[in-house]
Structures are given as structure tokens and as C-alpha cells.
Amino acid sequence: MKSRTAIYPGTFDPITNGHLDIIKRAARLFDSVIIAVSNNIQKKPLFDIDERTELVRIAVQDIDNVAIDSFDDLLVNYVSAKKADAVIRGLRVISDFEYEFQMALMNRKLLPDIETVYLMPSEEHIYISSSIVKEVGRYGGNISCFLPPEIETALRNKLRMVKKIW
Amino acid sequence: MKSRTAIYPGTFDPITNGHLDIIKRAARLFDSVIIAVSNNIQKKPLFDIDERTELVRIAVQDIDNVAIDSFDDLLVNYVSAKKADAVIRGLRVISDFEYEFQMALMNRKLLPDIETVYLMPSEEHIYISSSIVKEVGRYGGNISCFLPPEIETALRNKLRMVKKIW
Amino acid sequence: MKSRTAIYPGTFDPITNGHLDIIKRAARLFDSVIIAVSNNIQKKPLFDIDERTELVRIAVQDIDNVAIDSFDDLLVNYVSAKKADAVIRGLRVISDFEYEFQMALMNRKLLPDIETVYLMPSEEHIYISSSIVKEVGRYGGNISCFLPPEIETALRNKLRMVKKIW
Amino acid sequence: MKSRTAIYPGTFDPITNGHLDIIKRAARLFDSVIIAVSNNIQKKPLFDIDERTELVRIAVQDIDNVAIDSFDDLLVNYVSAKKADAVIRGLRVISDFEYEFQMALMNRKLLPDIETVYLMPSEEHIYISSSIVKEVGRYGGNISCFLPPEIETALRNKLRMVKKIW
Amino acid sequence: MKSRTAIYPGTFDPITNGHLDIIKRAARLFDSVIIAVSNNIQKKPLFDIDERTELVRIAVQDIDNVAIDSFDDLLVNYVSAKKADAVIRGLRVISDFEYEFQMALMNRKLLPDIETVYLMPSEEHIYISSSIVKEVGRYGGNISCFLPPEIETALRNKLRMVKKIW
Amino acid sequence: MKSRTAIYPGTFDPITNGHLDIIKRAARLFDSVIIAVSNNIQKKPLFDIDERTELVRIAVQDIDNVAIDSFDDLLVNYVSAKKADAVIRGLRVISDFEYEFQMALMNRKLLPDIETVYLMPSEEHIYISSSIVKEVGRYGGNISCFLPPEIETALRNKLRMVKKIW
């Protein structure tokens, strides 16, 4: 019997209940799961890489076989360096699927051994995305059912600070 | 460390290189994979359940951690009886995705613990389906790159016999 | 102020909680809603037209501004005869959308005044369809969360009778 | 008989014949329709909020039961404040549908009573969008069949002014 | 300068204004176009192969560089025998696209030199299909804007005869 | 017999093997093909218009009936000025299709005679796009199978220069 590791990459700006749903599913299917926070600055995240990593750490502290890391490289290089068996992706909508399809084929060209595993969140999370949650939060809408309580507090504080600076 | 089992259900009428591609990927990610041939007679398969099961057996004989079974029940009941950790599905096209999405949500309602794992075949298999291969075979077209050799022979024989009966 | 009538056409074989969800939404938006059960025999329904109409009647008896009817004509002719203001359709998935799009454009060509209004069921109903519920019921699966109790009983009885005949 | 109000929200930068088509359809289905011009500055509109509101006013002056407003809040808050019965959305393409689907589910989570009603423009408007019309106008192309005459003049003047500033 | 031939295959049961639109477009792009009526009996057409071929002949009699043929083979074999440069396909909706995509990749595997060329009908034809026109005709609906006059007459006669037999 | 010209427009930032695949297919179907490099500055290309044109020239030097040009106008105006018979577009994914569909209908409104011809690249190119190749190159990934050798060298040099400036 072999021990298997999966990597769940993302921007996590910030981690939502939708991400958590996928992480819990992955943690049941693999011996260990590495949540890999991408440092891609082109996406201009609201939280910096240390904040995003810390918020992931808080959100997943009760799940045993999960580790948190950040990376600043092509995903295939990172996966290869970690000797991971699979990359986890959450699928919510058709356009996710199409983009994922292209990425999976591209990644295999770059690293033939890479395997991408798609999981679906439960129906109550299919419409949650970090960007939509930030938009609702920006207008003071109720975001408590989309985020763990600590993440909600962090997001509210961050949005208040950003507003002051403007 | 836990041993994990996945079930790959289908009609396999007959098994194609596209199915084999998914089976090999699943066999690297799980400790054991059960290929579950569905006995759903509403689909009016060309091969009967024993033939389809036998063709699967021939096609996967070199893969160690794979077992073959047939089932005649709701998939969720079968998965529950087998205490499997996941159901494997291959995704090739958008319409697959949409159907799978509905099925995954329905199955979870019936059996909350069920986890569906989607894998993508390599790009050279994304257009292969059993029905399209049977149609090409019916007209005497070249199907050798879509099926293992033994399956190709079996399909050619079956199509010849069916023609005589007509 | 004008009184407005909408028609909600379908096969309703049988009516599900997904249909009911749409009917309740329509009944809040229009002064009266006619549920029009299609007698299209090409679809080979499990329940005959009288049974399907009766099951709809049972399911909607608590909604005030709803009437039940059956029709055996082109939808546009029926809508025109009823002088209805709109046709209601439920949208659940992309392929629904595409088919509906073609139908809406076709119907407008035949009857320029016709207006089609699309509503979305709540997320817990997006994967329910009559055919999937019948399939689960056929295998004795738990269908109680997809149908009103009386409809569930009727479906179980019908499936038992059909089985005997076979 | 109840009086019903629908809200048709959008950026309207500027209002096109496609928007007008939807507004006329909505005005036949509801007792009153509020066209709600969004003041979301993140979209960087070509026309400012007052200009966009004024152009809508000019374009709809012949439709009786239509009011014009602007809003700078979450849509659900605005709808709630207005006690509206429905939100109107135009559907033209698949990707609209998918985005709308997510939005509708999200909005219902925030405001369970909200009902979104989707209408389809006539076939001659399915390819019109404000952004595509602005692009054609920028190159001096013929945009007279996509906009009411007054809006076309306003767009041509605005594009000329913007060019001077550059 | 080379003379180029394209093949436009289909069931044409019967030919519609949508097919004609594509044929006229193809006839402008290629030196000769062969309309190849498929004799695939699995589709159970309303008109037999001779009737369908004759109706095509009537509909295209004014287009110079068009020939009519029927075939009962794999499309790739037929295209190869005719030494054609391209296969013409009309695209109307997403699901067409996806099916066409699979077919194009499959056909290239069988015959690498084959080229498939996709054309789009004008917007007024995007919702016309032979099956939808037959359904409308069956109920006595107005089909005169979907078919050339002679084809409409032939369809009305055929539907009347079929009705008598039932 | 008429000589026919097709225009293949794009940003080509830079030209990839996917573009080349489409160009070769077009060059077999038309007597001459004009590759039209768009000077649209809103896309903020990595290479300027002269560099992009020159890279196209290098990549297609072995194809006889191909010319290279640049344009800074509405596509329909350019096509009209060139008296071209068709516009060539490559289709890779569903979202391409939808965007293309809208563009084709819009262009026909502006220039009724314009014909758009869609071709599909071979399966090994369906996931290649200029932007994905640039992203992989930026991280030093292996891009040699996505670009002709000279274009790869040019892209590596450009990415090195851009990095220095930052």
C-alpha cells in the first residue's frame, strides 16, 4: 500500500466555505493534502501571500492530514518538486470545466505524469467564489454563510482598511 | 494509512482505449479499483453482460490492482454495499460534465458519503466513445486505434453475426 | 391594472418538487397560472394523461391562483386560444437553456406576441427531473425528497404494476 | 389583484436596442418596471451615471409604465428597499446563462424572496452588447441599427470627445 | 489555380431554408458542392432516400455549381472516393459544436487529409431543424417560412398520408 | 473558375503552432490567404505590431500562397477593402464558439457579404493559446512544442528584456 499526496492549488483570497468543502473531500481520498497558495501577483489579491496562507491555516486547523504551503512557480514544477500524485481542482460551472480541460492537457504536455482530479462541492457551495464574496462584503452584505467566522472577521477588517486608504 | 477503493461503473459495450486510459489513471490513485459493468438492459447493449464483463477482463489483465464485477442495482446501493471510497468518472466533453454534475448531486442526496472523482483521458482519447466506435465498425472502417486488439476482434465478429441475423 | 395569465406547459410524468417550486414562483408573479399537461403521446409517458392531470391537481391544491388543464396541440395554438400573457419555463442546466432558446425563437416566429419567461428553481431542485426520479424509483431507491408524498405513493404503485405486467 | 413591480438593473453604457427590447417585454408583463442604472465605478463606464440615466430616460420616454432610477448598493438591498416583486434579466448567450445562474442562487441566499425573471430578446438583438457597439463606433462603423437615433448621436459625440483628450 | 470541391452531407428529411442558406454560402466558397444525402436507416426518416434526394434537387435547381448524390457508407470513405477537398457543416448551437468537434477529430484519425469547414446560417435560421419543422407541421402549424414552397407541399402531403396509415 | 482569397485575422502575440495549423489548412482550401495582424492597442500585446508581423513572416515563409499584412480598422472594413471571399477563424473551445457566433452575426449586419469559415486545429493544438504559452515561458517552462523554434527564441529574448525593465 502506497501513501498518496495531493496538491490543492489556488489563490485563496480568502479561503471560502466552497474551498473548505473541496479540501475535506480531498482529505478523505488522499493520505495527505498540501494546500498550495499561489503567489501569482498578476491577480492583484486583496490579501498578501502571508495573510492568505495564515487564513488557510486557521480555516483548516481541525483537519489532520492537511499541510499548507505557498508557491511562486509553474504549477507543474511545484507538483514535480513535491513528488505529488495528483492535483485537486474543484468544478462548479461549465466555464470552470473548459478552462480546466485546457489546463489539464497543457500540464500533461509539460509533465506527463501529472494527474488532475476534479471534485464537486456540495450544491450549497456551487455559486460561491472569493471574488463574489468580496463584492458582497464591500457593500456590507451578509457573508456569514460563505466563510468560516474567523475569515469573515478578517475580510471585514481588510475591507474597512482598504476603504480608509482610498 | 488507509486502503482506498474506487468503483468505475459503466456499460462497457465494449471497453475502449478511452476507458482503459481512465482505468490506468484510477489504478495509480487508488489502492484498488473495481470496474463495475452495469446490467442496465434499457440501454440495449450489443454485447450481453457476460461478454462485456469478459472483454473488460481481457483488456485489464495486466493491471494489478483492478477487479471486475457486474451490478444490477442503483449505483449508490452498489457503492454502499462495496464500502467504496469513491466513484470514478471520465470527463470528455461539456455535455458529459453537465450530466455528471446532475448525477453527482442526485447521488449525494441518496448517499451523502459518496464521493465522485472526475478524471480526464489524454487528448487522443477525448473523441472516442463505444457508440461511435461501433458505428465506424459497422461500416467496415478502421477501428484498430480505438480498441485493444482482442476487443477489436470480438467487435468485428459480433458485428458480422448481427448482420447475418438481420 | 391588468390581470395577467401565464401558462406552465409540460409532460408532468409525474409532477416533482422541482415543478412545484417553479409553479409557486409563477403564482407569485402572475394573477393566474394554468398548468397545461401535454398529451404528446410520442414521449410514451408512464402515467396516462388523466393520471398525470390528477396528480398535478393533488400536488397544487393549496395554491390559490392555479388552474389545471391538458392540451393536445402546438403550444403556440394553445397559448393563443387561452389569450395568455406568458409561457413559464424552468431552467436548470445549460442544455435546457439551449433547447429553450431555439423553442422561444421558433414560437415567436409562429406567434409574435408570445412571451416566454424563464424561472430558476432553488438550488436543491436543480438536479431533479421526472425521468431521473422514475429511474431511482424503479430500483427501489429513496425518492421521498423529490416528490410530494401522494405523488410518491402513486409512482410506487404504478412502478409495481408495470413490473407485474412485464 | 395585486400590482407588481419589476426592476431591470444594468450599467446601460449606453442603452441599446437590445436593452429596449427587454424593457418593452417586461413592461407588458408587469404593472411597473424600474430601470435601475448601476453606479458601479469598477466597470469604468464611458458615460457617467447622470449621462447614462439621461440616455435611458430619452430612450424609454414612450413607454408608460417605466420609471428610471440609479443605485449604488448591492442589488438585493436595492430590490428589498423598493419592495419589488422581481428582477428582470435578459439572456442572450450561454455564458450569460451561467453567470446569471450563479447570481440568482447567490441573491436568493442573501434575500430569499427575490425572484429573477429571464427574458430573451428577439433574434435580431442576440448579438448586441454595449461593449461591442462601442468598439464598432470607435472605428467609425455603422451603428445605427443597434441604438435609438438619439443614443447613437450621444455615443458618436462622446467617442469624438474621448479621442480628443487622448 | 486549383478547382476545389466540398461535400455537404446530411439526412435532409426534408431540406429546409436553413440547409439552403448553408448550401448557398458553400457554393460561393467552392468551385463545386456535392450535397450528399445519407441513407442511414437507423435515423428512420419520414421521407425515403429517393424522396429526400428529389426534394433536395428541386430546392437547389437554381444554384449552378451544386450536384446531388446519396451515400450509404462511412462519410470518410465517401469523401475519399469523391476526392473532395472539404466537408461542409452548418453550426447553429453549442451542442452542434461539441458533436461536430468530436466528429471532426474522429474523421481526421480515419482520414488525415479530410478538412471540415463550419459555416453559420443567418440569424433567422439558427432555430430551424428538420425535426422541429416536422413537429410543427404535424400539428398543422404554419411552416411556410421554414421551407421552400415545393418542399412545404411535399411535407404536408407526406404528413397527411402517414396520418391515414396510423 | 474563380480565384478565392481568405483573410485570417488575429493579434498573433506571438504566432503559435496552433495558428500555423489553421494557416496550413486555410492555404489548402483557398487560392490565397492573407494573415492580417491586428494593431488593436487595447490588447496591450507583448510584441509591437512590427515584431508580431515579422514573426508571422518567419513562421510562414515555406507556405506559398500566404501573404502577411497588418490592419488598424474594423475587420469588416478591412475585409471589404481587400475584396476577400472569407474570414478564417480557428475554433478550439466552446467559449470561442460563442464569441465567434456573436461576432459573425454582428459582422454580417455590418457587411452582409462577409462569410466566416471556421476550421478546427488538430487535437494536439486545442489547448494552445498565445497567452498560456507566454505564461509558461515567463516561469521558464518548456515551450518548444508550442512554437516554431525561431518564435520560441524571440519569445524567450523578449521575456528576458521585459523582466530587466521591471
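Per-chain numbering from 1; labels A, B, C, D, E and F assigned in written order.
Heads up, the rule we're going with is that a residue touches a chain if its C-beta (ideal position, glycine included) is under 8 Å from a C-beta of that chain, and two chains touch if they have at least 3 such contacts.
Small disclaimer: the values here were computed from a predicted structure and weren't measured.
Chemist: When chain B meets its copy chain C, do both sides use mostly the same residue numbers (more than half shared) or mostly different ones?
Modeler: Both copies touch with mostly different residues.
Chemist: Measure off the straight-line distance from the CA centroid of chain A to the CA centroid of chain B, and report it in whole Å.
Modeler: That gives a centre separation of 31 Å.
Chemist: Could you grab the centroid distance between chain A and chain F? Build each centroid from C-alpha atoms only and quote it in angstrom.
Modeler: Measuring from centre to centre gives 34 Å for this pair.
Chemist: Report the inter-centroid distance (CA atoms only) between chain D and chain E in whole Å.
Modeler: That pair's centroid distance is 39 Å.
Chemist: Two-or-more-chain contact residues of chain B, please, as numbers and ranges.
Modeler: Residues 94-95, 98, 101, 105, 123, 126-127 of chain B touch two or more partner chains.
Chemist: What are all the chain pairs that meet the touch criterion?
Modeler: Touching chain pairs, listed by label, are A-B, A-C, A-D, A-F, B-C, B-E, B-F, C-D, C-E, D-E, D-F, E-F.
Chemist: For the complex, which residues does chain A have touching chain B?
Modeler: Residue positions touching the partner: 1-4, 25, 28-29, 31, 85-86, 91, 94, 97-98, 101, 104-105, 108, 115-120, 122-123.
Chemist: With touch defined as at the start, can you tell me which chain A residues reach chain C in the complex?
Modeler: 94, 123-124, 126-127
Chemist: Provide the residue numbers of chain B that touch chain E in the complex, in ascending order.
Modeler: Interface residues on the chain B side: 93-95, 126-129, 132, 136, 139-142, 145.
Chemist: Using the touch definition from the top, list the residues of chain E that touch chain B in their complex.
Modeler: Checking each residue of chain E against chain B gives 73-74, 76-77, 94-95, 98, 101-103, 105-106, 109-110.
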